[in-house]
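Look for chain A in each of the two complexes below; its partner is chain B in the first and chain C in the second.
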Partner chain A sequence: MKAGSRLKFSEWLVTLPSFVWLLVLFLVPTVLVFAIMFKPATPYGGIGEGWTLATLRTLGNPNYPAIVWRTLWLSVAATGLCILLATPMGYYMARVSPSRRRLVLLLVILPFWTSFLVRIFAWKVLLHPEGALKHALVFLGLIAPETSLLYNAYAVLLVMVYTELPFAILPIYAASEKFDFRLIEAAKDLGASSFLAFRKIFLPGIRVGLLTAFLMVFIPSLGSYVIPDIVGGPTSEMIGNKIAQRTFVDRNLPHAAGLSALLTIAVLIPMVAITVLRRKENPKDTLIEEGV
Partner chain B sequence: MSEFLEFEDVSKHYGAVKAVDHVSLTVKQGEFFSLLGPSGCGKTTLLRILAGFEQPDTGRVLLGGEDVTDLPPYERKVNTIFQSYALFPHLSVWDNIAFGLKVAKRPKKEIKAEVAKMLALIQMEDQAWKKPDQISGGQKQRVAIARALVNKPRVLLLDEPLAALDLKLRQRMLIELDLIHDEVGITFLYVTHDQGEAMSLSDRIAVMKLGKIEQLGTPAEIYEAPRSSFVAAFIGDTNFFDGIVAEPLEKNSVLDGFLSVAVDKDYSRLKIEDFPDLECFNDKQIKEGEHIFLSIRPEKLRISRERPEPLPHLNVIEGHVEDVIYLGSQTKYWVRTGDYRISVIRQHSRYLLDEKPIRWREKVWLSWHADDGFMLEKYSEQDENLIQLPPEEVGETTESNQILARPADAGEPAAAGDAAR
Partner chain C sequence: MTKKILAMAGLAAALAALCGCAEKKPVLHVYTWSDYIKPELVQQFERENDCKVVIDTYDSNEAMYAKLKAGATGYDLLFPSSYMVKIMHDQGMLQKLNLDLIPNRANVDPAYMKLAYDKDMEYSVPYTVTITCLGYLGSKVQDFKPTWAMLDREDLKGRMTMLNDHREVIGSALKFLGYSLNTTNDDELEQAKNVVLGWKKNLAKFENEQYKTGLASGEFLLTHGYSGDLMLVQSENDDIQIAVPEEGSQINFDDMVIPENAPQPELAHKMINFILEPQSAAELTEFIYFLCPNLPSYDLLSEEIRQDPILFPPAEVVAKLETLADLGEDNVKYTKIWDEIKAGE
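The block that comes next holds the complex of A and B.
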């Protein structure tokens, strides 16, 4: 027993830095955001004395439902597309020779070597009305000359998928690599076509990776701010943009905090749901074990 | 009808390695047929070709007269039991067994009835809703069998199905497999490296070596009349003696002999270093002067303190006991004669404690009938390397085989593997 408790202590010691980190940089700010929501705003962008529910009432802004809806569908669509693209990719990466796999893995993480902002601006150049892509598509007769590739929700979706795809590929690849591909043979042996074996055996086999990919893409998507700001127009605003606007333009911190709190709750719902779901399935499972 | 499953000139190469080398083979309907060989002999590749997981480079596979060579696995009426069982971990025992029927879109009622029947066959009705990781190894094995059999395959393929089980369980599953085979009457194609499994289950065995079939026959044929040194050493235990065929026996050299005059030509005289001249039945017309390996199974040798009465065709040699292992039903002796360490098994058919058993260091006589030895080609180092027996058996075979690596063999025209060295 003594040895066991000593081990526990050393384990604590090892995890302590990350606990402190999370406490100071995650938990405390979150609590602050929730607290500021109940503070009055001052005309100069500060936080007033006392407590109020005024912010909660202003959150019923008639413009918001449209923005919330757009944020939701863009996030769902981006997550769906990412998983759709990442699953065959993960399957492929788990099946190819190790040398090829290393190369593909390198290609997947290669974009991270360039600044996020630079890559978004690169998309802006690509999609620009005078850009090469636009000219090519018009020349091929695929789009009308007046169509805009930039400044709409689809441009936002495209760049979101581009940005978040690696975060879907990596957990799905990690799960695929652990998958026992002899099970696919067994399924085929029992009469299942390749597609059926993929759907009935492979997908359930990597569901941990799929769930992780879902979280890794869906949560950042909900909070997107830079992408809609740069490649989206005023008609493709997301909640993130509104938070930025309330903070920097309107200088209404309690209102921005209220929106942030809403977003935090929205993010927590799928996370808690998935954790509960997996606890039920396998009590020993932890949430991020199969992550990156 | 008799040629139910046929491999016709089937080959499969992986790069320069010939996994299966022009194999032709027919299996009868309802037969329990084993492919037996050391790892890398091509037996699993042959099975995978039949299952449809591998495409042969040459040849074709016929099942019930129909060419199935180009059919994908899911269109073949064969099912496999994998070494790893490959049970679907996210499905219950019931769903695992029902998988094939569900995929075939059979009516729900029928699926229920068939799965229930299978659960009864493997006696796991009360475990139907457990997941594979909640059941034991033997139970997984049985679920794998049920999952395959429920589809009523024309051939059931078993890829080393017992390799992952411990000894006790393996013996039980052997009996169960045998019972199941008798009950369902499906053709079984069984792949194994364990000669004991193959011997006890099979109607016929094909012993494979380096992608080729070395010998095909019933277990008794293969054990009693191995066609090559490789087979003799791989199936069971044997003693090899390196010798040369001498001139035929003359009448007066035959001990006690007027009886033997008529049959003299069937027996050859062998000259083996350190030994008196020996006799061996020669059914292969091996000519005088040829270099041979005489192989004698340990249980064919008789061990005694007194020199046995001379009889026609009885070979007698002298030695001393180097090691004794008492095994209950039998005793195993290692007897030293010159360079040879000969293994002998003595069955205890009488009450042993009343006898005075032969002990360590005693001087003994070994005798065997000339019919019980057989002359084979040289047992090469390559054969020895191919035969990688599980650790507990290595002690038995290698001891007697070590003699073969004697420097005296170095000058002989050797098998390809030797020449390369």
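The block that comes next holds the complex of A and C.
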């Protein structure tokens, strides 16, 4: 009994730094954002006295559904494409020789050695209307000369997939590495085709990796701001851009806070859903150990 | 006894340190736009006044304002645009200028002073004037005409940009329709919105920074932008032409102001007076390509700059220019239309 409580105490002590970190840098700011949402805005960009529901009402702005819809479909599409591309990659990395695996792993991580912004600007050069790629595509008759490769929702999607692909590959690879490939041999011995074995044995086997990849790509996608700002056009604005506009140009902090709160809730939904799902499947696999 | 001597020595050392402190050069903290002042002039000012100038930069009035509102202090001299000067003045963020310390204020071009918001220079002095223009590639844009209607040209679709600024964009459409760019008339604003929605179909982007390199590299063929910025990229690509639309456009002043809590207000006044010297103003105009509205400085400019139709527009063009006013509560009307424009397909 005594030993048990002492164990608990030392556990608390170990958790304390990260707990304080999260409390001060995540929970408190989030609560502040939610609180500011219920404050009135002043015309000079300040936060007024008292409390109001005015911001909540203006969040019903008829122009928002289009932006929310665009943010959602771009994030879902980016996540889907990333997982689609990352799964065979993870499978391959788990099967090749260790030396080749190290090389591929290095290639996956290599882009991080260059600044995120520089890589986005590089895409602007690649897709430049007078650039080699554009000329090649026009020469091959694949696109019309007046087609623009940049400044539309598809350019945003392309760069989002490019940026977030490593975040999907790494967890899927980690899960694949632990996967027992003898199970696939067994399935084949029992008459399954390669594809059937991949679908029915491999994919469920790396389920945790797939879920992590989903979260790692979907959540940052929802909050995208820089990518639509740089390679997006007049009709590829996402929620992140709207928050920036409300903060700087319109000087309406409560409204920006309202949009941020909306985004936070949108991010929490898939996280909670996945936690609940995992707990249902494996009650012991909870985030917080209860009653040790 | 020895203790006393030691204490005296300690006191003397402390006094010496204090004197050393007092002799240290004063520091002037300037908060301005990037590449907006000639470094040699700053060095000259430092030499003449035995001081040090520290320059910090911002990329939009809003970013500067947000930083000061968040409690940033220690700046002595700011260079906001006029509409932001009004917002800051209304909130008591600016010092009333001591005009006795700025005798060179007499050099400011009265023709531009008529358009300025703070006509008596009570708390702001004009630094530069900018006209919002159209920049284009002469060899790629066939039969260019100086009109906002260029933005309707389907053959330039996807290769044009407008500023990502609701007042600039809606203001251009209002000018195109023959209205004031400070209107609060709902019907006029509705018409302007429809004009912009038509233009938007042809735009690659609403963009404040990248349009410059975009135009220089041929990515964009026609861009809406500020005269000084466009002239700067013109020096990189001769093909770039600049025009003021004949329906009229917006003229912006960037002013010099001293924040309420400036630590070195006297030095800041000296800097303003130094910039208003004809020689300094002429050097600045030639360096940053934004016109310093300083009458005696015009004679010191090179013939090429003096003949430039953008820096020195003809009287009939100037007559159609309008300055932006902060609309207070009515700003919401522009914000609402801008939302509708941004959301529209």
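Methods note: the second predicted complex is superposed on the first by the 279 of 292 C-alpha atoms of A that agree within 3 Å, B and C clash if a C-alpha of one lies under 4 Å from a C-alpha of the other, contacts with A are read in each partner's own complex, and residues count from 1 in each chain.
Just so it is clear, a residue touches a chain if its C-beta (ideal position, glycine included) is under 8 Å from a C-beta of that chain, and two chains touch if they have at least 3 such contacts.
Everything numeric here is computed off the predicted structure, so don't read it as measured data.
Taken together through their common chain A, the two structures put chain B and chain C side by side without a clash. Residue contacts after overlaying the shared chain place A:F248 against chain C, while chain B stays out of touching range.
In the superposition on chain A, A:N63 contacts chain C only, with no contact to chain B. The larger set of touched chain A residues comes from C, when the choice is between chain B and chain C. Residue contacts after overlaying the shared chain place A:E11 against neither chain B nor chain C.
Taking the Cα centre of chain A as vertex, the centres of chain B and chain C in the superposed model span 150°, given to the nearest 10. When the two structures are aligned on the shared chain, A:E237 is found in touch with chain C, with no touch to chain B. In the overlay built on the shared chain, the residue A:G191 is in contact with chain B alone; chain C does not reach it. Shortest separation of chain B and chain C in the overlay equals 47 Å (C-alpha atoms, whole Å).
On chain A, the patch touched by chain B and the patch touched by chain C do not overlap at any residue.
Against chain A, in their complex, chain B makes its touches with residues 51-53, 72-74, 78-80, 82, 84, 86-90, 99-100, 103-104, 147-148, 151. The part of chain C that touches chain A in the complex is made up of residues 60, 62-63, 65-66, 69, 87, 90-91, 157-159, 165-166, 200, 203-206, 210, 217-219, 328-329, 331, 335, 339-340, 342-343, 345.
Within the complex formed with chain B, the chain A residues making contact are 180, 182-183, 185-193, 196, 200-201, 204-205, 207. Chain contact summary for the complex, chain A toward chain C: residues 43-46, 61, 63-64, 66-67, 124, 128-130, 146-148, 150-151, 230, 232-235, 237, 247-251.
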